[in-house]
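Both complexes shown next keep chain A, but they swap its partner, so chain B is in the first and chain C is in the second.
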Partner chain A sequence: MNYTHFPVISVMGLFLGAFLVEVFGSKNKYIRNTIVLLITTCAAGLMLYLVKPVFIDGQIISYWMGNWEPVEGYAIGIGYEIDALGMFFVILTVLTIWLAAVYSIKYMEKDSHLGHYYTLFLMLSGSVLGLVCTGDIFNMFVMIEIMTFAAVALTAFRNKKGAHLEAAFKYLVVGCVGSGFTLAGIVLLYMQCHTLNMAQLASILHGNLTPVSVLALALMFTGFGVKSFIVPFHAPAADAYMSAPTSISMVFSGIVNKAGVYGMIRLLFVVFRVMDISSVQIMVVLFGVVTMFIGVTMALAQHDFKRLLAFHSISQIGYVITAVGICSMKGVVSGLFHAANHTLFKGLLFLCAGAVLYSTGTADLDKLGGLSKKMPKTTICFLIGAFSISGLPPFNGFASKWMIYQSLYDKAVTTGNFFYIFALVCAVVVSVMTLASFIKVTQAVFFGQTPAALKETHEVPFLMRLPMWIMSLLCVGCGIFYRFTGNNLLLPAMKSTFNITSYIDKMMGEGTAAASGIENITIHAETGFEYWEPVIWLVLFVTVLLAVFIVTLIGRRDRGKVLSTKEEADGKYATFFSGEKSSHSHVAGSDLFWGFKRNWKGYFNVMQKFHSGNVNDYSLMAVCCCALVIVFTYIVLL
Partner chain B sequence: MIFNYITSVLLIVLGLYTVCAKRNLIKIVLGLGITDYGINMLIVSIGYNYGGTAPIYAQDLFNVGNSTAFVDPVPQALTLTSIVISACVDAMALALVIMVNKRYKSIDANEIRRLKG
Partner chain C sequence: MSSFFQIIENIVKAMIFPGLLYATAGGLLLAGLDRKIIARMQRRVGPPVLQPTYDFLKLCGKETIVPHVANKPVFLAAPFVGYVSLVVMMLLIPIGGYSAFSGKADLIVILYLLTIPAVAMIVGGSASGSPFAGIGISREMVTMMAYELPLIIVFLSVAKLVGGDSMNFSLQDITAWQEQNGPVIFSLSMIPAAIAMLLIIPAEVGMQPFDVAEAETEICEGPLVEYSGFPLGMFKLGTAVRIFVMTSLFTSLFLGGITSGIHIGWTVCGVYVGDLLVRGLIHFAICAVITLLCMTFIHAITARLKIEHLFKFYWTVVAGLSLISLILVWIGV
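The block that comes next holds the complex of A and B.
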């Protein structure tokens, strides 16, 4: 079978589906759901068919639109090219799209204008898929712009509340500033190389960086940074994740910011190949460390379920950027692994938040509580997600975080640079704070007493639980069968990140890479998968869990009962007061870490100013950061 | 030719200044537009050859002399795409401003900040 057509059919199919839904599906919900499910399933199926040729046979899929093949060594048409790195992100994309489509059917049921919703959803899916498939840098820009529009429109989809419109506007302004940087970078590259094909750009730029192409690098790095929401650009992300419908929040954190990460990897490792310069590595790692630290500390201060998850999402992207920035083989493997795991566990957590929002109608941590009796299945899924993101063995978050620590340590030893030790300490501390923050959420939402208003809460329907179960299974599976994932998916993806000769040769003809002096480097067979024995940890984990369970069982009997309105007003049954009336303070479940917050008052006051909510400030931060990156790259690379 | 580049950089800087400094949401949208115009001008300038003809392969039809001095057609195609995209940005941003104004009764960026911290 000629499978080279599959990527373009999938991307076009999703865009075609967007039109079909708008034309035929705006009235009848059965037609609409059929179109959406059919299109997303077909796209997922076609793309997953390519797993065997790309990962197992080691092929690279290339496709020239309209059969415009290169003439005399110059690419003149738009080319699609999927190597193992692209395929890795393709798998994440189609998985997230399909699960989000299934989840949307029940979750969005009560909203109006669902035709528009699915149109935008399919456009968002198609653009992200196109972005990771394409081999043409301007095509990438167009896909980024479609992605931004669809994402902004979906953020404002539930526009009854002003806050959602506000979030969409901020996202649009900051996103467009970022796209502007990307476009300026792309045209400057075109000015230097007279081509837009990434394979050809890589072969031309190898070894001759001019000042203009360094400027292009800095602009495009900032542009992709805005799309992946690393720290100076993260403020609109928290608003958008919070305001969008939850099925879309999952798509945002699962693939929209991964698209930015993919762009960065493609840019730094393949097109410019500047990652072997130690100062660039330090810059990228610094971005990552700052992102993960600020993300997690801001998450500790949140009172909204989805906003809290949004800040955690930003923090986890920091891990990915840090690991990729290390640029050792183990570092890139762990970064890609964490990117995949982040898609799984963060998607799961957002789906659980959506389930809570669907059943109770609120996402305010102060108003929730004791849902474990009402929604036991959601609670189990949430706990799996929370264990994964906090990095508890044997879940997948632990596997990738452990590898990130190891690669940071190795990097510190080999370079003797103190900065990497600092980064390592930060990574561990952030992981601890993530755990602390999820203890708070679990306590505030699923345990403790149930407020009287939530008496009639029910478990969510099966169609919403199905994506949650699939995500949970994948979370556990990726953690326990890490060696399988590592050898079959991560190693090929890492190899194609470092060795780009076949990427260039496939697109531009044999010998192009060799002519411009690009050589393959040897990849060591061992990349650090032998890091732990999951079975022993599993036994330990089960033992500890049993101990906690038994202690809980022999504890008080009235735990989890529904409070009457009078008792709730009394305040003595509030979480952590165990029936003794408090005289001085009132600590709710969501305020578990008020002491910590009080101690860090100075830091949080600064952060408060940093997240002022003013769109001018956010765009000013983006512009200033771009200026700093330009100055830094000029100092380092010229 | 150098004036084209200077003008385009000035337009980009002016647009970014407007986005960062003006509190009025309409002005912010205008700033985004000006940035896009600056970038479009940059693209067109990159593709222009001094004294070049239109990029139509017409050597056999008309005797236009030196056919090598074509203007590069690719940047013009890029500019068209970019203009379409920036029109979409403006339309969508203005639609959002109208809706924001309905809910907040204001288009001052300082007052539209319920989401913060």
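The block that comes next holds the complex of A and C.
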């Protein structure tokens, strides 16, 4: 079967679906749901068919639109090109799109104008998929623009509150600043190299960096930074993730900011190949460390469920950027792994937040409480997600964070640079703070006592639980069998990040890479992560647990007597309340971690000024940061 | 047949030495010794050394009450998860140079596995729905944030000392290095780190003056306030085992290789049972001394800290001590 057409069919199919939904599906919900599910399933199926050729056979899929192949070594038409790196992000994208589509059906049914919602949703999906498939840098920019505008419109979709419009406005302004940087960078590159094809750009720019192309690099790096919401461009993300419908928040954190990360990797590793310069590595790692730290500390101060998750999203992207910035083989593997894991657990957590919002109508941590008795299945899914993101073994977040620590330490001892030790300590502290803030959510939302207003809460319908279960299973599976994921997905993706000769040759003809002096480096087959055996740990755990249970069962004589919880009237089963008659007293989200917050008061005051909520400040920060990056890259690269 | 023998051997490891039985018995004895010596220091007679064991047996016979606001499955599962994960930790730490499964986890894994019992206690307390537990888990979490920073720096300095220019987080390699070069604590640069680790242990275990999370006199044992009967016994057992795990970790990090010279050729089915017995006993004795040093003495002479002071103490004094070690090791003193 000729599968080279599949990427373009998937992308175009999603865009076509957007129009079909608007034309045929704006009145009838069955037609609408059928179109959306059919299109997303087809797109996912077609793209997943490419897993075998790309990952197992090691092929690179290329496709010239309208069969406009390069003429005399110059790429004219738009080319789609999917190597293992692109394919890795494609998998994340189609998985998230499909799950979000399934989740939306029930979650959004109470809203009006759903035709618009699905149109924008499919536009967003198609643009992200197009962005990771394309081999043309201007096409990438077009996809970024579609993505940004669909995302902005979706942020304001539930526009009953002014805050949602404000969030969309912030996203729009800061997003456009980012797009502007990217476009300026692309224009400069086109001026310099007379081509827009990334493979050709890579071959021209190799060992050939001029002041103009360095300026382009700095501008585009900042532009993609804005799209992936790293600090200091993160402020609109918190508002946007909070305001958008939760199915869209999941897409935002799962793939929209990953698209920015993908752009950065493509730019730094493939097009410009500047990552082997240690100052650039330090710059990227610094961005990552600052992002993860500010993200998590801001999350500790939040009392809205979705806003808290949004700040964690920023923080976890910090991990990914840090790991990628290390630029060792282990580093890139762990960064990509964390990107995938982040898509899984953060998507899961957003879906749980959506379930809570759907059932109770609020996401305020100070108004919720005791939902674990009303929504037990959501609670289990949430706990899996929370343990994963906090990096408890044997869940997936632990596996990737552990790899990141190993890579950072490795980098520190090979370069002798103490900065990486600092980054490692930061990463560990951020991880425990992540745990703290999810303990806060667990206590505030799921455990504790139920407020009177939430007595009638019910579990969410099956169609909403299905994506949550799939995500949970993947979280556990990726954690326990991390070697399987590592060998089959991450290693090929990492190889194609470092060895780009075949990426160039496939597009521009054999020998192009060699002619411009790009050579492959040797990649060791093993990743060097041998000291964690989740399976053995799990087997031991279950064995000991079984033994304890058996001893317990043998030892107990009063098996039937205990554990009665029914008699609510009986004071014996009320919670202890200093000897008084117990009344409703729930320790809510804002009440926790007083000792910590008090010690960090000065820091939080500074952060409060930093997050002014004023879009002028945020744009100014973006521009200033861009200026700094330009100055830094000029000093380092020229 | 050999694989069958291997399974039996692994089960023996998991259940008897250094797993379930050894860890539990050792932990209970350490907890008993701690109580006895404190009593003697305060001029009381004190309970018998086996008192924690009696307490556990007594709690097993008591009724288990689950509050009606609690989430029952989580409330009841948490003590088991905490206790069992501690026992499994014991298998991953080399005991007197003997590694049961210690090639299967490195220091960072240990650091994270150590959080599981604490999280089990937090989630269990949270699931009880009590406001006292709510305050307790908040404090427990802040304590955890407080000691995690110095702990990772201590681990990094040990790893740097042992690994040199290549990376080494493996506990097995750290033990092997100490058998060759003598215990880590003998190098001067590591003494601040050892002191820092000794100060971390009481907070990790929840001993005075760092027992803010459980503060009996103040918030009625915090996370444990609603627990009764067998689950409470499990938590108490978990705390006892945690003393043993933490002191064992200290031993294998800083005092490894002491028992490596001992050989008594008594074998059962090809396993050097005599060696294991002697090494296990010596290991326990060292752990007892450490318990005495870092928990009993400090407990006897101090009063409970406030949570914000605890946090400050760990992020300034203890983190400072461990950072001194790390910098000294890094510049190669």
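Criterion: the second predicted complex is superposed on the first by the 582 of 638 C-alpha atoms of A that agree within 3 Å, B and C clash if a C-alpha of one lies under 4 Å from a C-alpha of the other, contacts with A are read in each partner's own complex, and residues count from 1 in each chain.
We adopt the following convention: contacts are C-beta pairs under 8 Å (C-beta built on N, C-alpha and C of every residue); 3 or more make two chains touch, one makes a residue touch a chain.
Computed from a predicted structure; not experimentally measured.
Shared-chain residue A:Leu172: touches chain B; no touch with chain C. Of the two partner chains, neither chain B nor chain C is touched by A:Ala340. In the superposed model, A:Leu435 lies in contact with chain C only, and not with chain B. Within the superposed three-chain model, A:Val544 lies in touch with chain C and out of touch with chain B [touch as defined at top].
After superposition on the shared chain, chain A has more residues touched by C, the comparison being chain B against chain C. Of the two partner chains placed by the overlay, only chain C lies in contact with A:Trp402; chain B stays clear of it. Against chain A, the residues of chain B that register as touching in their complex are 12, 16, 19-23, 25, 28, 32, 35-36, 39, 42-43, 46, 72, 74-75, 78, 81-82, 85, 88-89, 92-93, 96-97, 99-100, 103-104, 109-110, 112-117. Of all residues in chain C, those touching chain A in their complex are 11, 14-15, 19-20, 60, 63-72, 74, 76, 80-81, 83-85, 87-88, 91-92, 101, 103-106, 108-109, 111-113, 115-116, 119, 122-123, 126-135, 137-139, 141-142, 144-145, 148-149, 152-153, 156, 159-160, 163, 165-167, 169-170, 212, 220, 225-226, 229-230, 306-308, 310-312, 315, 326, 330.
Against chain C, the residues of chain A that register as touching in their complex are 370, 372-373, 376, 379, 383, 387, 390-393, 398, 402, 405-406, 409-410, 413-414, 418, 421, 424-425, 428-429, 432-433, 435-436, 439, 442-443, 446-450, 531-533, 536-537, 540-541, 543-545, 547-549, 552, 555-556, 558, 561-568, 572-577, 585-587, 591-596, 598-599.
Note for the complex: chain A touches chain B at residues 138, 142, 145, 149, 152-153, 156, 159, 161-163, 165-170, 172-173, 176-177, 180, 183-184, 187, 190-191, 194, 196, 238-239, 242-243, 298, 301, 607-608, 611-616, 619-620, 623.
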